[in-house]
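Common to both upcoming complexes is subunit A, partnered first by subunit B, then by subunit C.
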Partner chain A sequence: MRFLRRVLNMLVVLLIVSLLMFVLVRVLPGDPVGAALGDGATTEQIEKFRVQMGMDKPLQVQYFAYLRGLLEGHFGVSLMEPRDVGTIVWERLPATLELVVCSLALAILVGVPLGILAATHRNGPIDQASRLWSLTGVSFPNFWAALMLQLVLGAALSLVPITGRITGPPPEHITGLYLVDALLTGNFRAMGDAARHLITPTIVLALGPLAQITSMVRSSMLDELSRPYVGFSQAVGMPRFLINYKYVLRNAFSSTLTLIGFLFPLMIGGAFVVEKVFAWPGLARFGADAILANDYNAIVGVTLVICLFVVVVNFVTEELYVALDPRIRLER
Partner chain B sequence: MTVTIARPLPPPPSRLRNALRGVGYFFRRAPLSAFWGVVAALIVAMAVAAPVVAPYPPLKSDFRSMQKPPSEKHWFGTDQIGRDTLSRVIYGSQTSLTVAFGAVLFGTTLGALWGLACGYFGGRFDMLSQRLIEFLQSFPDLILAMAIAMALGGGITTVIVAIAITRIPFGGRVIRSVVLSLKEMQYVEAARGIGASHARMMFRHILPQCVAPFLILATTHLGVAIVIEASLGFLGVGIPPPTPTWGNMLSDALNAGLVPPWWLVLFPGLAITLTVLAFNLLGDGIRDMLDPRLRGSV
Partner chain C sequence: MKAFSITAALAAFAFGLSIAPAAGWADAARPVLRAGLTLEVSTLDPVRATNYGENIIVLNVYDMLVMPMPDNTVVPWIAKSWDVTDDRKTYTFHLRDDVLFHDGKPVEADDIAFSMRRVLTLPGLVGGYLRNVDKDKIEIVDPRTVRFQLKEVDPTFIRALVNLKILNAKLLMANKAEGQYGEYGDYGAKYLQSKDAGSGPYVIADFKSGEGLTLKAFEGYKLRPFAPGAPVEVKLRIIPEVVTLENKMLAGEFDVSLVSPSPPRVKIFADNPKFAVDTWPTLNNYYVVMNTTKPPLDDINVRKAISHAFDASTVMNKIYSGGIRLKGPVPEALLGKCEGIATYEYDLKKAGEYIAKSKYSADELKKFKLEYASTAGAEAFEKVGLLLTLNLKKIGLTAEVKTVRWTDIVGAQTKPESAYPFVFFYDSARVRHPSPLLGFYTKKGWGSPYPSGGIYWQNPDVTAAMEKASVLPDGAPEQYALYCEAQKKIAAEAPAIFSHNDIRVQPRWKYLVTAAKQDGGSSQYEYRFETFRFDTKDPDFVANQSK
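For the complex of A and B:
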């Protein structure tokens, strides 16, 4: 019952976002039609195009037509390339997902152990380094880190490719995630190549989240370590690692989980610039181009898809939260 | 008959003296943060004194030395059309700092006042506001700023407004939670008891207690605003060229070829990092000094 209500809640959020975005892009200044047709377009051409796109009708009629289209899986035609936005999004989504998921995995796999070490060896070298990093890590724009890594790893040392997602033909399309596709088809050349292309963008996108995860794990571990039960367990002779990993970490982890939910939208924002630097053919780059071109349908479509992901990720983290931490029971 | 004259009381310490004492305390208490505070001050001074400090005008092209690596004549090298990178970095600080201070002054403050109202009044107003804030926060900062900047058209005011709007929810959230706990304090209750008006309680009794968290928030937001401004410039929706901004310079560098020359990338980026780091560490120090309880909350 609770589950159903939450799903309904998510749908309402998405509906509101779609309405707001739909109205906003149309109300705010800017002339997408003129831009799409170019300077040479005559008034008749523009008028014809507007009728074609349904832009001559009242706003509410347009919105309901849009919603009806959504139900059938149509996101409307993009002005940048004359295809349905849904198709383009569907094509480009895997590239961004691959990047974001890899970065998140990297940030968690490195950040959590680092945070634990920092907390258990308080004021030690790891602790000092991670604290310094948590301040520095949020201090530079990630596109700069991207450019620098590109220069050093890609150009100067030639360790990794400079831009793009793959050299040569991509593996047979199954999921669109090159790593997975290559693995499934046993195309290990493509897999290695895709992985090499992934290295720098992944590191860049993981830098900020890594700093945040480390400091979150550290501070919540420290909070938890100061509780009476820790001293008690120690007094009765429970081994230190058992206290740390079985009890402290588990209790400390729920706040980290919430953070990971928050990080997801942030990383998609990061992908907007990182994808530009690496010429990564992802959704975020399409979104950035759409905003620059004032492409109504594309902006609304991309926002909706991003929102959908944010909502779903939040939902999943909250469910995990309950599963991991029996102290919390969501009564709502 | 003897008259005893009371010795006059020592004059109360002047405000300036108090402020100076505060600064001295800060230096002793958090030398590292104080050092970075000095760096931040120097950067602000550099921005103000840009015409004096910069060796060349930022827009002047020297066609005899185009895209040259750092040399004695041009310490930070030159870009594709022979403009001096050092001078552009120095002038870039003007734009970055103007935008950052403007956005924080406008956005964080508005957010804080909103948070004050939410926390104080509570009820339906608070609930509606929280939903609105959640909505604003569900968009990544950069995307939101980009969309607003794009919709309003280029220019420095637009960029300030765009970044300010992304700052509002954070100010609102933090100050609201502070107000919520302050509201339950006995002295506030006492004020209510003797019949103080809403405005008096909000501005006279609660607001002064919000200054510390606000200052901490504001310094951190300065850093964030600089990063967003640079990112907007990089994406091409910031302040239009040829105005030198750090983001624009990095964006230009990308156009210099598949592999941009290292000096065009390194120096503007270092300028951003150094500035943001200075503000962040300063904010950290202020937080430790003003309110140790807030450690890690902003």
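For the complex of A and C:
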């Protein structure tokens, strides 16, 4: 019952977002039709196209037609690429997901241990380095870091390809995530190829989150380490490793989990700089282009998909809270 | 635990091996050209193609009735010859009989007629070039002869045919989807989003939206056979960021850059002995359109003052990578010798003198707040605006740079009431002829949303000269004398600030011995890749081809 109610809440959020975005993009100035058709399009052709796209109808009629389309799996036709936005999103989402998941994994795998080490070695060299890193990591412009890595690792050392997802033929399409598809089909050549392409964009996208996670783990751990039960556990001879990892980290991790829950959808929407510099054919780049081109359906479609991730990740995060801390109950 | 460690080490080693760069071998007999496009390829349909990348692709996949040549002439191509009636309104084209589409079908008159009807029916850029063709009077005389009737005399018609890409009618009709064009369905629009129906030197082997495409040489191509060293495969990748594209050039992942590098980066290529850097003036006109219907820009003296306050030299050489000063709407390369055109060198003293002559007092002028619309995302446009507004302040005019989305600019420019006081545009010569560029300064050209959108200025002498020129044989000296006259009248009244034609800078690896050599306007004919040549024995070629 609780699950159903939460799913219903998610649907309501999505509905409100769709309405807001649908209205907002249409009331903003600018005529995307003329721009989409290009110079030489006559007024008659522009009008015809407007009718064809349903833009001649009242806003509420357009909105309900859009909702009906959504139920049938159609997001409307993009003005930039005259195809259904759903198809484009479906094609591009795996590229962004693969990049974001790898970056987040890197940020967690490096950031959490680094935060723990910094907290357990407070004011030591590791702590100082981690604090410096936390400051510089969030201050690094992605754009600059990306270009530097391209120049050093790609152009100068030829260690990694400079752009793209893959050089050779991609693995057989199953999920659209090249690493997963390559693994499932046993195509290790494609897997290596895709992995090489992932190295630099993953590092660049992970820089900011890694610094944030390190900083958050460190401060939560320090809070937790100052609690009386830690001193008591040490006094009774419990091993330090056990105290830190089994009790302190577990109690300290809920705030980091919240942060990770926020970071994931933020990274999907915010990956456009990395996708642009690395020519990564992802959803974020498509969304940014859609805004510049005032492509109504594409803007709404991309926003809805990102919003879907926000609500799903929030849902999962809240469920994880319960697993981490049994004192928390989502339902009385 | 030990077993686990060994397994993990072996797995890491295997993964390391799998991600190590794979060795490759270059095939000297099958050179591959690799280059980047900074704009997305949204369509492969010749009618819908708008940006330079899409134009380059369709140029290589399709052929035309005529082909432009570097000396600014056009030569027969699919058409082996043509006849024109005395009234210059009826053109009959005789076709070659050895031109094949990529599916092996010969190119015939019904394909030409179909392609022309399609261009004139579907909305898009190309239809505008050919709008004088009467759609209802396209006649298939026989399988090798087709006739077009013009609604009015058009001196640019033959040159505009460069934009008519010939499509395989039978193939498109076999693949038509439901649409609004009756028996033609959607005119094959859906099919052409990702596939080709052409007869050009290359076929589309692979297209991935957002990533790029691969072209492969068409083995049945006879119009200009592939010579040794010509690329038999072309890989074009979408690289939205110019600096990234330059990095790929430096890494040897690209052979040539289809866009000019940013000015500070040109030196990197020029200083590298492995690269050659070609330069040539483009036909891209850079200019600031002024809305002359609104005060104070309705005053010729204010406009002249503003033209003198525009520091074209800094714009050309500091903001852009050099250029040639533009004296009027038509670049010198298209107009030929035309002397006596008014020029407005950067001179704030002269600007002040014109301000003093204005019908508006200094106090009145101060009250106007002139907006300079800068296209969002175009950093150079913004810099030009900042420089202009700074200089205008020195002569007592208040202007500010406003960043506006491109779609909003084109929307605003269609009406004089909403057109911005200043918009910085660049416009490529879409047809290599003065007439379309001058046409914006007659009433017929008003209301265009695109460059030169926002010009609402006319002069009866200019209109008369343009009308007279239109009925003269294309290229006749008298015709060009009239265009020169029109250019002089326009420049004299300064309805726009004519800035410059920029310089195209093309870095290429030296093993690519022949690449583009000069500007072809928006038809991009200089990028017919079958004319490119590799030195396949060069060690850098061998090393780079496997990257």
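Please note the rule applied: the second predicted complex is superposed on the first by the 328 of 332 C-alpha atoms of A that agree within 3 Å, B and C clash if a C-alpha of one lies under 4 Å from a C-alpha of the other, contacts with A are read in each partner's own complex, and residues count from 1 in each chain.
As a working rule, contacts are C-beta pairs under 8 Å (C-beta built on N, C-alpha and C of every residue); 3 or more make two chains touch, one makes a residue touch a chain.
Worth saying up front: this structure is predicted, and the values here are computed from it rather than measured.
Asks: For the combined arrangement obtained by superposing on subunit A, do subunit B and subunit C clash, or do they fit?
Replies: clash
Asks: Could you tell me if A:I88 is touching subunit B, subunit C, both of them or neither one (first, second, both, neither)?
Replies: A:I88 sits against subunit C, while subunit B stays out of touch.
Asks: On the A-aligned overlay, A:L147 touches which partner chain: subunit B = first, subunit C = second, or both, or neither?
Replies: both
Asks: Would you check which partner chain A:T214 touches, where first means subunit B only, second means subunit C only, and both and neither mean what they say?
Replies: neither
Asks: Using the superposition on chain A described above, determine whether A:V310 touches subunit B (first), subunit C (second), both, or neither.
Replies: First partner only.
Asks: May I ask you to decide whether A:T200 touches subunit B, subunit C, both, or neither, giving the answer as first, second, both or neither?
Replies: neither
Asks: Is A:P281 contacted by the first partner subunit B, the second partner subunit C, both or neither?
Replies: The second partner, subunit C, only.
Asks: Looking at A:P161 after the superposition, I want to know if it touches subunit B, subunit C, both of them or none. Which is it: first, second, both, neither?
Replies: second
Asks: Which of the two partners, first being subunit B and second being subunit C, lies in contact with A:L266: first, second, both, or neither?
Replies: First partner only.
Asks: Let me test your reading of the model: by the given contact rule, A:N187 touches which partner, first (subunit B), second (subunit C), both or neither?
Replies: A:N187: touches no partner chain.
Asks: Considering only the listed stretches 98-106, 152-160 or 188-196 of subunit B, which one runs into subunit C in the superposition?
Replies: Here subunit B runs into subunit C along 152-160, and the other listed stretches stay clear.
Asks: Pick out the shared contact residues on subunit A: the ones touching subunit B in one complex and subunit C in the other.
Replies: 29-30, 147, 150-151, 154-155, 162-163, 276-277, 292, 294
Asks: Flag every residue of subunit A that touches subunit C in the complex, lowest number first.
Replies: 29-32, 34-35, 37-42, 45-46, 48-49, 52, 80-83, 88, 91-92, 147, 150-151, 154-155, 158-159, 161-165, 168, 188-189, 191-193, 195-196, 199, 276-279, 281-282, 285-286, 289, 292-294
Asks: Touching subunit B in the complex: which residues of subunit A?
Replies: Listed in rising order, the residues are 16-17, 20, 24-25, 28-30, 135-136, 138-141, 143-144, 147-148, 150-151, 154-155, 162-163, 215, 219, 265-266, 268-270, 272-273, 276-277, 287-288, 291-292, 294, 299, 303, 306-307, 310-311.
Asks: Which residues of subunit C touch subunit A in their complex?
Replies: Interface residues on the subunit C side: 14-15, 17-22, 36, 40, 42-43, 48, 50, 122-129, 131, 180, 189, 193, 208-211, 237-241, 243-244, 247-248, 250-251, 253, 376-377, 405-408, 410-411, 414, 448-450, 547.
Asks: Inside the complex, what are the residues of subunit B that reach subunit A?
Replies: Per the touch definition, subunit B meets subunit A at residues 135, 138-143, 146-147, 150-153, 223, 227, 230-231, 234-237, 247, 250, 253-254, 258-260, 262, 265-266, 268-269, 272-273, 276-277, 280-281, 284, 295-296.
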